[in-house]
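Look at the two complexes coming up: chain A is in both, with chain B in one and chain C in the other.
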Partner chain A sequence: MSAGVEALRVPRQVSGARPVGKLFGIAAAAVAVTAFAIPALTGSYWTYVFTYFLVYAMIGLSLVLLTGYVGQISLMGATLVGLGAFTSAAVEVHWGWPFWAAALSAGLITLPFSLLIGFPALRLRGLYLAIATLAFAKLIEELVFKGWPWLTGGFSGMQVHRPHMLIPFESDARYFWLVLGVFCAVLAFTYNFSRSRVGRAMRATRENELAAQAMGINIVKYKMLAFFLSGVVAGLAGALQIHLSKAGSFEAYRFYLSFLIFVMVVIGGVRSMWGALLGGVFLILQTELLRGVEFLTRFTDIAFGVGLIWVVLSNPEGLAGYLRDQWAWVKEKPRWRALVAVAFVAFDIGTMWLLVHFGGQKGAG
Partner chain B sequence: MLYLNLAIIGMTEGAVYALLGLGLILIYRSTGVLNFSQAAMAMCSAYVAWQITTSAPWLTVWGALAITIAFGALMGAGLYYLIFSRLRDSPPVARLIASVGVAFILPALVRVVWSGQSERGLHLPFQFGSGVVKFSSIALQVQKLGLIAVTVGCGIGLHQWMKRSVTGTALRAVAQNRMAAQMAGVPERRISAAAWAIGGAMAALAGALYVPLAYLDPNMMIPFLPKAFAAALLGGLVNLPMGLVGGLALGAVESVFRGMHGSLPRLAETVGALGIVAFLLIRIERFFVSEHELKAIEQ
Partner chain C sequence: MSRSTSVALPAQPVAPAQAARSSEGDTNTTSLFECRGIDVSFGGLKALSDVSVRVDEGEIVGMIGPNGAGKTTLFNVISGFLVANSGKVLLDGRDLTGLLPYERARLGLGRTFQQALLYRDLSVLENLLIASHRHTRRGLFSNGLRLGAAAREEREALERARATMDVVDLTPYWEKKAGALSYGTLRMLELACMLVQAPRFVLLDEPASGIAQRETEALGPLLRRIREQMQTTILIIEHDIPMVSGLSDRMYAMDLGKVIAEGAPAQVLAHPEVVASYLGRPETVGLEESPKPARRRPAPRRTAGAPRGGGSPT
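Coming up: the complex of A and B.
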């Protein structure tokens, strides 16, 4: 009997599942090039923007772990990020903890909250869960963020310094390296995790809870695990964010940001970790490139809205799925289609360059 | 007596929660869309009301209100035909995401159309005059009384209409079983569009009647959205009278909390959120609709 049950468990390795290995060298080289190229080729401002992108992509990854892997919707992303940010700031300012300990506590502080939210969430599905997370976000904002000035510094917020660990990470370039390092670790974890036994069990839960249960998957366990992991990544991203901007008040973590994070990941493609990256790119490019062109900034929210509707109407896998389809289209007849693709990408990059160059973006000067 | 006064004043905001909540319920029950753009629709309509009152003063406030309501209804029906009718067979979460998209687009459109003016805190004249009514020690602006009265009227009227009229019956039929309703000859798309139109009209009413008490801003209705959800959830997102009661009661309770001493006023904002969590956990909707209908909506 037990042998039969054993045979039904999720296999450890399935064909097509590939842990980081062959790609590791290429990825490491790409990261190394990025680490030196970004600060060297662009100014301090764009290094800062790029660091911001990495933080947002990490927040996006936390949502992919939850929404993409087990299909639980959360509209409280910003709240968990805020909890992490304020915890790291508070233990540094009040207790003088070093950065690494503060960042660790930022990740861990989300655990009790995830537990609190996860258990009711197990009873709720889809739409109801979305409203419930909205309500939890409101509760935490009112009771913790506004009601506990020790943590959040009240309306004036918290001020922190960039960390000093063996070497100083004070400059934008150094801090960029630090964030890049943490980001790569989280990305590698997510990449491997989605291919692990647990990751596959989670995706089975997302696709069909009944079928997953019939396979012997403990869906309660995996949903809670997804809530925990997502919270830890969000908290860690929060710690990185507040040290990036060196200050923060709870006004920055209200539900508009939660919606923005949600929008970003849905547009990028909620089912894969590349979606979080593409969503981050979309969000940052939208806001940063158009920042200089006053007239166009009014259209950023329209672009977000149209993007969301585009995703649900015709492209459920978001930009990630769209690009994959385009890639397949190019590979079909590589000769002339590759040219079209290159021309298209060149046009996009050219437009962006023009916007940055002649938009007179603020902050760079 | 003080608390009674506070409760009645609080019902003004409660009326806005209730009006938005009624729209949410109607739209959710008939098309299964949890409409995150309900507050944005109200805000949009308020701007239209302002534009009409300023550029055509001869219409009087009532003419402007009528046109605003018509605008809200058209917007609701338009959104349904343009977006949500295409999502009838998508998962509920996809419909929710689309409505979030609309909630992003509408304020941005308002900023584009009324550019330069949108941030200036524009005012709208009172529809019910600026007088004050007094019963013994309770004082209330006529505008607030009018808003509450209109809301109660709308709630009861809609409920009766749903129960008695042919269209209302068709709406309930579509909610219970779309396929069967279609086979019985119900023009399902048109009926769903009607639900959206009424939802839009409710939002327009909320926006146009509330703005004279506040000022215009593209974000002005955002704080009302979670509370409208709380109101609608008292009726399990399906029951109109309970939605009405929920909205008014929530407004009253919040107002009473704000009038108390110590740290209690801070808790006012959490009442709605606590309500949401509680209603969801006891799965309040099962008290109002059959399991069968619930499944039909959640599909």
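Coming up: the complex of A and C.
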């Protein structure tokens, strides 16, 4: 056959060369609408909840970078988040650093810890690495969180103020914008690099270390890079979180939270950055929906359990993989597309309505 | 063969310096690749003893021998996955002996694995893009911010992958996961990855194993074309004797960790020791699929005491 004429031509926008301009426009519009719609249409409480969701999605992203991209299982997510949170609080409270410097230091403080766990992790895989990171998390919890009140404020915890950078970010709506901005920047960066040689080298390392090395990929470098990136994102999320709730003690960053984050991301889909978002959606939906009714509160853990079983049994790539497969199916039947889109929007609005009317504490309104 | 010969292989960033092949019979052909006095033992077991192999620029050299002869062990030493007890590995006059596998790959040493090791959960296209790794340079920040240089590099990698898919007829499968391909197509993808990687010197470990006869027949001409157009030099392990002897300029035969014969294919096949060790049992030739004990090195630590096949198939 001559030059594969009958073959499908590979679409231009595959992988690296997406029409970023168009996509960027849509994304920017969506973000702008969200930024104004959430505080305007819902009350202060739901703006707070949505900010909370963004923080958790970012924590989830830190795990996707490590577990999803290079395949290293970590159960120390909460510890890194806590380190970031307390570092940002401590440098503000004790040294009077501005918020941006505190947030930056929260990201950077994780680097030595990533290095410390990253190097032994080069020789460990799977369950063994999970146990090692768990032990490391417990160690930091005992030595640093409990043993260093300067950093964590001991049992009473640390109190901080929302930042004031040029304009005040004191109100929930303003702080929501700040978090949304940081979140979008991190997401865009991740989106870009994961579709480049760096992201591919990470996935190659996860898939097959031998083949990756034979193709000239320095697997040690990319594993360490993933550890560092994951730590920085977690630390940054920590700084955003403690400024969101304006207070925090080490009780909030116990290793139980690491399990929660891990399960959240697995349900969302650990291999894709969208999985972190979907995991965050899942977390918020189930806590806020079930929290509203006294009787249902006890089902929050069960929801996670059921989600986890669903992933393990039938959808290893979580909600992200499930939705992608469904979308591929829908794409082949153009007539369905409009219907699905309408259903999706209806579902969105319905859930929102359910949340606001029955979920959580009643929305301010 | 139905594969299109009119299509030129994609332009590759090959070092132009040594690209020109020295003409046949030239007395001072440069040895592109050489390994000298390689010794490997697992515990008290000698897997390789004093193995020396030399491949000239532009040659296709075959390597035959029964299972357990040490061929794959030698490949592991050359590509750096296994550390030899003694001996040197030289590529283009450069000593590779102390280098890690990925450093050797960067310097232009490619290899394929016996079981077509690729990234099964990734798409065909992504596999090919990964193979471009050594031709791209941009780091995390350049790519994360999608600076101009990084975007250009991405476009070039995509173009290379696209052109290569056309040449080996993989384009219809570009979206498929590598793990979902038939074995023959998977091996084709492996070769396509080699094309993208464009090494100066490539080690092929049984490229014809497990694929259909018709595909095997297509493989020879394809390998020749790779050599002509990519200026790649090839050392190939193969159990398909007719194919490898038809393809090779020279051959080596190994048995029990030693090189027992070297020279023109006909010469090697006629060598009494080769006949005794290998070709004397025609019923086993080409039927041996028994996996050899893993001797690769996932970490720098030496794997010791892996039992050798004992030279005879089980």
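Here is the rule we use: the second predicted complex is superposed on the first by the 315 of 365 C-alpha atoms of A that agree within 3 Å, B and C clash if a C-alpha of one lies under 4 Å from a C-alpha of the other, contacts with A are read in each partner's own complex, and residues count from 1 in each chain.
Keep this in mind: a contact is a pair of C-beta atoms (placed from the backbone, for glycine too) under 8 Å apart; a residue touches a chain by one contact, two chains touch by 3 or more.
From a predicted model like this one, the values you see are computed outputs, not experimental measurements.
Contact with chain B, but none with chain C, is seen for A:Ala132 once the two complexes are overlaid on the shared chain.
In the superposed model, A:Glu209 lies in contact with chain C only, and not with chain B.
Of the two partner chains placed by the overlay, neither chain B nor chain C lies in contact with A:Ala101. By the touch criterion stated above, A:Leu124 is placed in contact with chain B alone, chain C being left untouched. Of the two partner chains placed around the shared chain by superposition, neither chain B nor chain C is touched by A:Met352. Within the superposed three-chain model, A:Phe304 lies in touch with chain B and out of touch with chain C [touch as defined at top]. Look at A:Phe262: by the touch rule set out above, it reaches chain B but stays clear of chain C.
123 are the residues of chain A that lie in the contact sets of both chain B and chain C, per the superposition on chain A. Touching chain A in their complex are the following residues of chain B: 34, 83, 86-87, 90-98, 100-105, 107-109, 111-112, 115, 222, 226, 229-230, 233, 263, 266-267, 269-270, 272-274, 276-277, 280-281, 283, 298.
Taken together, the chain C residues at the contact with chain A in this complex read 2, 4, 6-7, 79, 81, 100-102, 105-106, 110-113, 117-122, 125-126, 129-134, 136, 138-140, 143-146, 150, 153-155, 157-158, 162, 165-166, 169, 171-172, 174, 193, 197, 296, 298-299.
By the touch criterion given at the top, residues 73, 120, 123-128, 130-132, 134-136, 138-139, 142-143, 146-147, 256, 259, 262-263, 266, 298-302, 304-309, 311-313, 316 of chain A touch chain B in their complex.
Listing the residues of chain A that touch chain C in their complex gives 1-4, 7-10, 14-17, 20, 123, 189-190, 192-193, 195-201, 203-204, 207-219, 225, 229.
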